[in-house]
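Chain naming follows the written order as A, B, C and D, and within any one chain the residues start at number 1.
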Amino acid sequence: MKITAIIGSLRQSSIHRGIFESYKELAKEFFALEEGVIRNIPLYNEDDGDNDIAHQLAEQIMHSDGVIFFAPEYNYSVPGVLKNAIDWLSRATPQPFAGKPASIIGASPGAIGTARMQYHLRQIGVYLNLQFLNKPEVMISSSFDKVKNGVIQDEATIEFLKLHAGEFQKFSSQFLKK
Amino acid sequence: MKITAIIGSLRQSSIHRGIFESYKELAKEFFALEEGVIRNIPLYNEDDGDNDIAHQLAEQIMHSDGVIFFAPEYNYSVPGVLKNAIDWLSRATPQPFAGKPASIIGASPGAIGTARMQYHLRQIGVYLNLQFLNKPEVMISSSFDKVKNGVIQDEATIEFLKLHAGEFQKFSSQFLKK
Amino acid sequence: MKITAIIGSLRQSSIHRGIFESYKELAKEFFALEEGVIRNIPLYNEDDGDNDIAHQLAEQIMHSDGVIFFAPEYNYSVPGVLKNAIDWLSRATPQPFAGKPASIIGASPGAIGTARMQYHLRQIGVYLNLQFLNKPEVMISSSFDKVKNGVIQDEATIEFLKLHAGEFQKFSSQFLKK
Amino acid sequence: MKITAIIGSLRQSSIHRGIFESYKELAKEFFALEEGVIRNIPLYNEDDGDNDIAHQLAEQIMHSDGVIFFAPEYNYSVPGVLKNAIDWLSRATPQPFAGKPASIIGASPGAIGTARMQYHLRQIGVYLNLQFLNKPEVMISSSFDKVKNGVIQDEATIEFLKLHAGEFQKFSSQFLKK
């Protein structure tokens, strides 16, 4: 099983990039995780016509078996850079996200752990026809304590993410059998 | 009273630009409306440091008496380009949006008229500390029939927007008196 | 396949009851639809202990293969009477909704067709672990024209609901195979 | 200034009742807080016609200067009993909530502190035309540690609620001056 990871922050040393790297390792026994890079997708403007980078990412997603978003919460919602990438990807034909299993992994310095972002992304997923895993939800609080130098330091978080990877693999395989 | 208009679509002949132009005229008796241009704000990346264009827009908003968003709905939420601009603006000190009255004008070809986008933008506004007008909400359905060649053709829509402008002026003046 | 219908309005001649009756007929070739009655479930109060009526409804749902909510929008959200029933049902062990496919059918006199209610109900469904069908969403506008004397009069609405029933049957059968 | 408190849980020893009692005391220097009792409001059914208890509560709210909701989160949204009361109250003429300042105080045993409930309630408030205070939001986490025997034990929480009461008083007085 091959899953595309979309990282919703462009910063090189982003906490979500660190979580992605750790998760990729710990999820290896369940599926292969490969980044779908959004960094070079320009601002969406219908006047510009198609974009090759967005087109290639759409292809990558379409040929994968599911999507995991690693994303921070900005201003109580989805980061603009992630939403902008989704706005490009949703123009592709056929729809790259349609019917794919999906999940969200979010981390925040405070207590809420990106909950506000996640329900907005789930609503976007209704349009995209993503099948989001319900449980477990991953909302990592106090992220500055748990993730340091790009590596998850907190054992409980690592165990929880392993549990998540196993559940996501089981959930996703339902849709594979189609 | 001076209000900043933020247009949530970059397309030159965007329907929301057309609505903005018409609204600017019909609202003249209530307030001056001036575009706060988001077109040249880059993708948000904390590694890049401050951005002059975002900084200037923050200044413009701070010196205005309120904000009206003219925005489409993309994928059941706020357009990425608009959210990206907000993500930049929210970094400015002092916060440009804090305490400002605000409203949303959205139009869609279908029946829903951007409702899904508007409640996401209102949630973002809690963080930004925007004071959103509750009523009337402006959700223009069947926009291709009502807006043609960048001009609102529908008399009922024009009358409704005049009503909105008057209500927004009254609402906003409460906060001016502070 | 046996699906439980929950009607989110207590009024005898509710439009949503009418839609349920019509839908039950037109969906017959796809699945059997049976009402899960919420009328006699009391206001939720933890001091009262368990409730037999809620308990029986939980059993009915658990032994069915999915759930369809027929519900109006009250005050931009889920009707209190429906949410109250859900609050009772969510206490049952095992969780009656867990893993069940679900869908929402809403109708409103205006244009929005209960969109605001539906995304709130979908968020509730994340906790309940309902698997909501993404497409087609059913938001019936101008309901007073389309539903009269408890019967759907509008041919396009009837065809659309047949399409929905077929899609829901296909979607739900994925989860049956587990 | 006289504020109506609505408690969104019917349980006698509800944590939110405890928080209400403590808050009433600490907010005394800013405003008088008086409960608007929802306990005896029946399930909403349009067939039943008007309800005296709901009518009296509507009167009480209308003659107060604002509303504070003390409410738990049930199933990722507003408690059914609270939503049911709102559904009744919204039928009153004139609208009891229209133009009133409002705020939400929520507490949960976990980390999220009712965030999911609060944004749903804010969306409901758009329809009711409530003017919600943006900051500070009150989401009390680990409520079982902080509230014991119906009394807030945590000093930081008490200080924070005093700050909130002062801010709500300032915010509300803007609307009084109308």
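As a working rule, contacts are C-beta pairs under 8 Å (C-beta built on N, C-alpha and C of every residue); 3 or more make two chains touch, one makes a residue touch a chain.
It should be emphasised that the depicted structure is a prediction, and the values quoted were computed from it without experimental measurement.
Set against the Cα centre of chain C, the chain with the most distant centre is B. Across B-D and C-D, the chain pair carrying more C-beta contacts is C-D. For this pair, chain A with chain D, the centres built from the Cα atoms lie 36 Å apart. Centre-to-centre separation between chain C and chain D, using Cα means, comes to 29 Å. Centre to centre, using the average C-alpha position, chain B and chain D are separated by 30 Å. Counting partner chains per residue, chain B shows two or more touched chains at residues 116, 119, 123, 126-127.
Across the complex, chain C is touched by residues 9-12, 14, 42-47, 74-87, 90, 116, 120, 123-124, 126-128 of chain D. Interface residues of chain B, counted against chain D in their complex, comprise 119, 122-123, 125-127, 129-132, 134-135, 137, 174-175, 177-178.
Those residues of chain D whose C-beta lies close enough to touch chain A in the complex are 111-113, 115-116, 119, 139, 141.
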